[in-house]
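These notes are about the structure you will find just below.
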Amino acid sequence: MDKIVDKEKVKGLFADDQRLMIGGFIECGSPHKLIDLLLESGGRNLTLIGNDTGFDDQKAGQLVVEKRLSRVIASHIGTNKETGRQMNSGDLEVELVPQGTLVEQIRAGGAGLGGVLTPTGIGTPVADDSRIIEVEGREYLLAKPLRADLALIKAWKADSAGNLLYRHAARNFNPVMAMACDRVVVEAEEIVPAGEIDPNQVVTPGIFVDYILQNGEEE
Amino acid sequence: MSEIRERIARRIAQELEDGDLVNLGIGMPTMVADYIPDNVRVIFQSENGFVGMGPRPPKGEEDPDLVNAGSEPVTIKTGGAFFDSATSFAIIRGGHLDATVLGALQVDQQGNLANWKIPGKLVPGMGGAMDLTVGARRVIVATTHTTRKDQSKILPECTLPLTAKGEVDLIVTEMAVFRVTDQGLLLEEIAEDSSLEEIKEKTAANFSLAEELKTFV
Amino acid sequence: MSEIRERIARRIAQELEDGDLVNLGIGMPTMVADYIPDNVRVIFQSENGFVGMGPRPPKGEEDPDLVNAGSEPVTIKTGGAFFDSATSFAIIRGGHLDATVLGALQVDQQGNLANWKIPGKLVPGMGGAMDLTVGARRVIVATTHTTRKDQSKILPECTLPLTAKGEVDLIVTEMAVFRVTDQGLLLEEIAEDSSLEEIKEKTAANFSLAEELKTFV
Amino acid sequence: MDKIVDKEKVKGLFADDQRLMIGGFIECGSPHKLIDLLLESGGRNLTLIGNDTGFDDQKAGQLVVEKRLSRVIASHIGTNKETGRQMNSGDLEVELVPQGTLVEQIRAGGAGLGGVLTPTGIGTPVADDSRIIEVEGREYLLAKPLRADLALIKAWKADSAGNLLYRHAARNFNPVMAMACDRVVVEAEEIVPAGEIDPNQVVTPGIFVDYILQNGEEE
């Protein structure tokens, strides 16, 4: 059950028509190496669930630029002009979701919840496509769970058991997505033996992690 | 233009109180942090996952893992903490923020805000703005009084898709400070280089006058 | 009695596969951990907040902050991790557990389980049992075949308040192993010191026989 | 804005009829010193929200034994015989909730959600008192948010900014409750200056914490 894998193994995990969650917040904490391998793998017609679609001149943005996506579920696409262009031309289906709702949907998917009720978006166009549920006199939107086939996660340190630490603001969506996908692939800046990360400090427990790729030079 | 933005940021900074936890939106709202008085300790939250956000680091000390929600390099102050996006929005939605400062495409006399979509033209997405408006105790809008085409951004009713319904508490422009009340907008302050006449002329929304109209710089 | 409990625990241990993540209920289920073959690596989750649970420490090395859900001193193995109760139940409810082993007051031929309440008498509460049954991929019930008054615990239909409806996959007693199928209970194994006649006599529920009836020790 | 307080200050926070969340899991990670002060303060007719009511011969159980509670919302009361006795005699109202539902209700209270939909308890007596909501053909219980006036939290280390670390299985409900109450009081084994806890390792950010009491001898 060794979770540490090489680039070829990772490439073999990708396929057309997959549904992917990719961690990161406008390129910060995005798994750039895994995205590289995804681009090399040639997978197409993908669904991306993520906070945004990166910058059009940086790595996470290339999934849009190279037209690998047919659908995006995100909270913000303003930093990648190509996303808006493909959306307006009808080549890319884009579903915009408030960021706090998006992360709760992903969390619900990982936590086995049938959804959460959020006040966010009531009275806005977001409510038009949502079921409204009233609880004790106040209206909420039903935010349904989201899951995906594959999570691409960027970690700072991983141990060989898959326990993860993240660095600074690069944490963002990564730990939540690592709970909500059938298979979880991690790109780690450093891999250490199990036992070197204090079990009290673990952010993502290793039970969620299937594969770990070292992203550094020494591979 | 940069003078206008500074004035708005400076005026909003006076609204923040010692001990407040505050989220500043991208753009002009971010500048508010530069004008907090020394004796007021405000904690800034960054929706991408930390509290205790500090100013831009010196050149050469930027860290790609330490940026604000607008991708600008920042720092973290002593006592700050990092967390994931679920926790970040639990803070935002859960009523733990004392205030948020956001920009506007349009804002209206019911306290509605539109700042995420111009149909058929520009659809950047709402990011965290809808959660911020619904969750923060005070929603302060930082906006130029008019568009570049000199049209009022303060309307009887927003025509663009809304970010939030009835959540705005205060509107600060380079000319005026309006409080949003149950009875509509209340003009409380006039910039020292503006006048009630100018504000009336450039404001499409209806507003009433505070008993004591103040001046701000 | 302790021999009966050991037998049940030993048989259930054979159900667990290399790499499985498993939660063991309080009491007899906890004993399953003692019978996992050396070449099978099972990770145990403790609902009070960790994975990688290991055996009781040597006397004198107990740590009050390191106990299982039954308040017994345990250890954490290399590669384990601590987390809060929200994460613990995200793991449980979210389908991340390969199996859970739970005790029963009653279990029935529809796969219903009752183990948290005897109205008017004993109401300890359900703790994590309802989440475990609904969330784990496999729900294995570890129970004596009969009550102390020699009444069958395996019924046509539970009469006590349910813990879970239709979630039980396997029932292991000191006499028999039943699989819960869409067609009802299937007797798959008989303990070497029991017999089909004894099982028929002591089982109130209906059951059919597997094509190949095995024996277990 | 110094958060570090003494015992008298803590006692002054208690009052009759309060709604309390108290961290811990059958005495492990329970704030025993704060419970002592609560017992000394004489507060009565309290509502307790917690996983359980402790052991009747240990500290957390004394709130029941000394009859300070009029209502309990918990997942398990079997370790405190007095709780069952008072429940059966009608002196104590006890609402039993599945543990995973309880922690999500508390989390929802802290996160501004109107509730979560859980499959847990469908087909059981727990469903009788709950609103059932169907999503995509599956039934869920609506678990409503829980909040309280005061959270009593046990931490391992606290810094002067209120950032908290927990030790081992003593974490349990503590971090979730620290987000769901109007005021949050922490009992810490050790208090260190702000800056001594790595911001990447913080479990409960200091913004949630109002008061910290050192539970050691040196006070």
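Observations on the model:
First chain written, first letter: the chains are A, B, C and D, and each begins at residue 1.
Note that contacts are C-beta pairs under 8 Å (C-beta built on N, C-alpha and C of every residue); 3 or more make two chains touch, one makes a residue touch a chain.
All values reported here derive from a predicted model rather than from experimental measurement.
Minimum number of contact steps separating chain B from chain D: 1.
When chain centres are defined as mean Cα coordinates, C lies farthest from chain B. Taking A-B and A-C together, the chain pair joined by more C-beta contacts is A-B. Taking each chain's centre as the average of its CA atoms, chain C and chain D sit 29 Å apart.
Between the Cα centres of chain A and chain D there is a gap of 32 Å.
Averaged Cα coordinates give chain A a centre that lies 35 Å from the centre of chain C. Shared interface positions of chain B, i.e. residues touching 2 or more other chains, are given as 50, 76, 82-83, 86, 89, 92-93, 134-135. Within chain A, contacts with two or more other chains are made by residues 104, 107, 111-113, 118-119, 166-168, 199-200.
Under the contact rule defined at the top, the touching pairs of chains are A-B, A-C, A-D, B-D, C-D. Contact residues of chain A toward chain B in the complex are 25-29, 51-52, 55, 74-79, 84, 87, 94, 96, 98-101, 103-104, 107, 118-126, 166-176, 203. On the chain D side of its complex with chain B, the touching residues are 1, 107, 109-113, 159-161, 163, 179, 194-195, 199-200, 202, 205-208. Touching chain D in their complex are the following residues of chain C: 46-50, 63-67, 69, 71, 76, 82-86, 88-89, 92-93, 112, 117, 122-131, 134-135, 161-166. Residue ranges of chain A in contact with chain D, taken from their complex: 104, 108, 111-119, 133, 135-136, 138, 140, 142, 144, 165-168, 199-201. Chain contact summary for the complex, chain B toward chain D: residues 18-19, 21, 41, 43, 45, 50-52, 76, 78-83, 86-87, 89-96, 134-135.
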